[in-house]
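Read through the structures below before going on.
Shared between the two complexes below is chain A, which has chain B as its partner in the first and chain C in the second.
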Partner chain A sequence: MTDTVGIVIVSHSSDIAKGTADMVRQMVGSEVKVAFCGGNPDGGLGTSVPLIIDAINAAWSPKGVAVLVDLGGAETNSEMAVEMLEPARRDLVVVCNAPIVEGAVMAATEAAGGSTLAQVKAVAEELSAD
Partner chain B sequence: MLDRADGQIFTGNVRLVHAVGMHARPAVKLTKLAKKFQAQISVRVAGAPEWINAKSVAKIMAMRAAHGSTIEIKASGSDAEAAVAALVDLIASDFPDGAG
Partner chain C sequence: MSVPSETFKSLVKAAAEQVIASAPELTSLDQAIGDGDHGTNMKRGCEAVLGMLDAISAQPLDEAFKMIGKTLVMTVGGASGPLYGSFFLAAGEALSHDKHLPEDLADVFGSAVNAVSARGRSQVGEKTMLDVLVPVLETLKTAAGQPDLIARVRSTAIEAVERTAPMQATKGRASFLGARSVGHVDPGARSSCVLVQAVCAGLEARA
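And then the complex of A and B:
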């Protein structure tokens, strides 16, 4: 089994994050590692940098990790999480500019074929292109 | 490299029997299967003006092929014949779970 790019889903809502991860697993399969986090540590809506770091490490692959986010803070906190990773991992994590559900499914589909991180990001972002 | 394309193009036609047409799950299965081949593979709804890259999940989802429509497949490259056969089989067998 060759390595595949890992997928991380970061939503303000734990239900959305979990539901998106379920869709990816059911539609694409289990060959791609998927981790998710949503909500703040108090159980409310929000995102948490430590939880995002945990999710990135859980989905870790030598080929890298693509992060899919929902609204504003999810993106800035994900970027902060990437900066706080150990230096060797930082360059192998990208935050995709893509809708969270569709982007996650498409990124995982691309990743399942053994594509590079750049290819996975490009496919997720196809949806945002004009 | 595996690139031994000799210019020969293999084609296939298959009727889309899936109840609701080419929606998200079949599109993912088709794309995943297509990616297992080296060949360049294109598909279209029969008679459509443009061919679509079978390895692009976004484009396959967007093709909106309806139930009962005929899907045309063409492929070129070293394993093109096997690729066409596999994709025809996937579509004809209604995208069984575990395929792709």
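And then the complex of A and C:
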């Protein structure tokens, strides 16, 4: 199997994160690695840097990882998580400015075709263009 | 000069305890214009810092600041984690690069404030914690060496937090409210004020 860009879904809610990942898997299949996390360190609504780091590492691919987020804290925490990765991985992870569900599906579809990280990010972010 | 580790430890403890005590107020401010989790998030982060206080204060000052930052990043669970985390990580980084406390306080605080601004892609006037931190930085610069520095920092922080009430939020969750965010004090500005006040009170008590 050729490497494809991995997808990480980060929501304030673990239910939303899991549901989004389920949709991606149903629509794109298993050729793209998808990891997700949601909830703060106590399990309430929020996001958690250590869980995001784990998810990025779980979805890791030599082609990189695209992260889809829902609201403000998810974005800030994801950016922080990227900076805390081992140096060789940091530059191969992008946080996409895209709606979480549609963005994840579009990004995974693009990734499944073997696209680069930049192409995957661009396709997801077209959804936010207007 | 240097800061004795006992002093550092007592200041960190006082600041963390004060934030924990303010958690209900921070949450109620955040319920008005945010998502209502600022108090519980900050409380969780400060409890984690208190839990590691012995290990933190056993470190050299630069590493101690970085450890506080990293603990907040890993435990807070909201945007305030990376924001406050970046503040302490940058302060620690400045102390690793030829800056010393207390003499370089304004420089170190300035590096920390810049890190918050970069992390949040935010500037002063946008109804955020920067609206307290930046005025405090100005006072640290202009009143450096003055005998009433601590008192001036305290009053700067208190006045600054009140000035966030009429501001309209353009960053974070509060920005969705647009004009409806006007009239409420910003919770992040309030938590920054609580931290500044606690450190000032701790320094005054030791003076």
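Everything that follows uses one rule, which is that the second predicted complex is superposed on the first by the 130 of 130 C-alpha atoms of A that agree within 3 Å, B and C clash if a C-alpha of one lies under 4 Å from a C-alpha of the other, contacts with A are read in each partner's own complex, and residues count from 1 in each chain.
In this text, a residue touches a chain if its C-beta (ideal position, glycine included) is under 8 Å from a C-beta of that chain, and two chains touch if they have at least 3 such contacts.
This is a predicted model, so every value here is computed, not measured.
K.L.:
For A:113 in the superposed arrangement: first (chain B), second (chain C), both or neither?
P.N.:
first
K.L.:
I want to verify the contact counts: of chain B and chain C, which reaches more residues of chain A?
P.N.:
Here the partner covering more residues of chain A is C.
K.L.:
Just to be sure I read the superposition right, which of the two partners does A:127 touch: chain B = first, chain C = second, or both, or neither?
P.N.:
first
K.L.:
Let me test your reading of the model: by the given contact rule, A:45 touches which partner, first (chain B), second (chain C), both or neither?
P.N.:
After superposing on A, A:45 lies in contact with chain C but is clear of chain B.
K.L.:
Contact-wise, after the overlay, does A:72 reach chain B, chain C, both or neither (first, second, both, neither)?
P.N.:
The answer is second: A:72 touches chain C but not chain B.
K.L.:
Considering only the touch criterion stated at the top, classify A:105 as touching first (chain B), second (chain C), both, or neither.
P.N.:
A:105 sits against chain B, while chain C stays out of touch.
K.L.:
For A:28, select first, second, both or neither according to whether it touches chain B, chain C, the two together, or no partner.
P.N.:
After superposing on A, A:28 lies in contact with chain B but is clear of chain C.
K.L.:
Applying the document's contact rule, which stretches of chain A touch chain C when the two form their complex?
P.N.:
40-42, 44-50, 71-73, 75-77, 79-80, 84
K.L.:
Touching residues of chain B toward chain A in the complex: what are they?
P.N.:
24-25, 28, 31-32, 35-36, 55-58
K.L.:
Spell out the part of chain C that touches chain A in their complex, as residue ranges.
P.N.:
My answer: residues 35, 37, 40-41, 44, 73-75, 77-83, 85-86, 119-120, 172-173.
K.L.:
Tell me, which parts of chain A touch chain B in their complex?
P.N.:
27-29, 105-106, 109-110, 112-115, 123, 126-127
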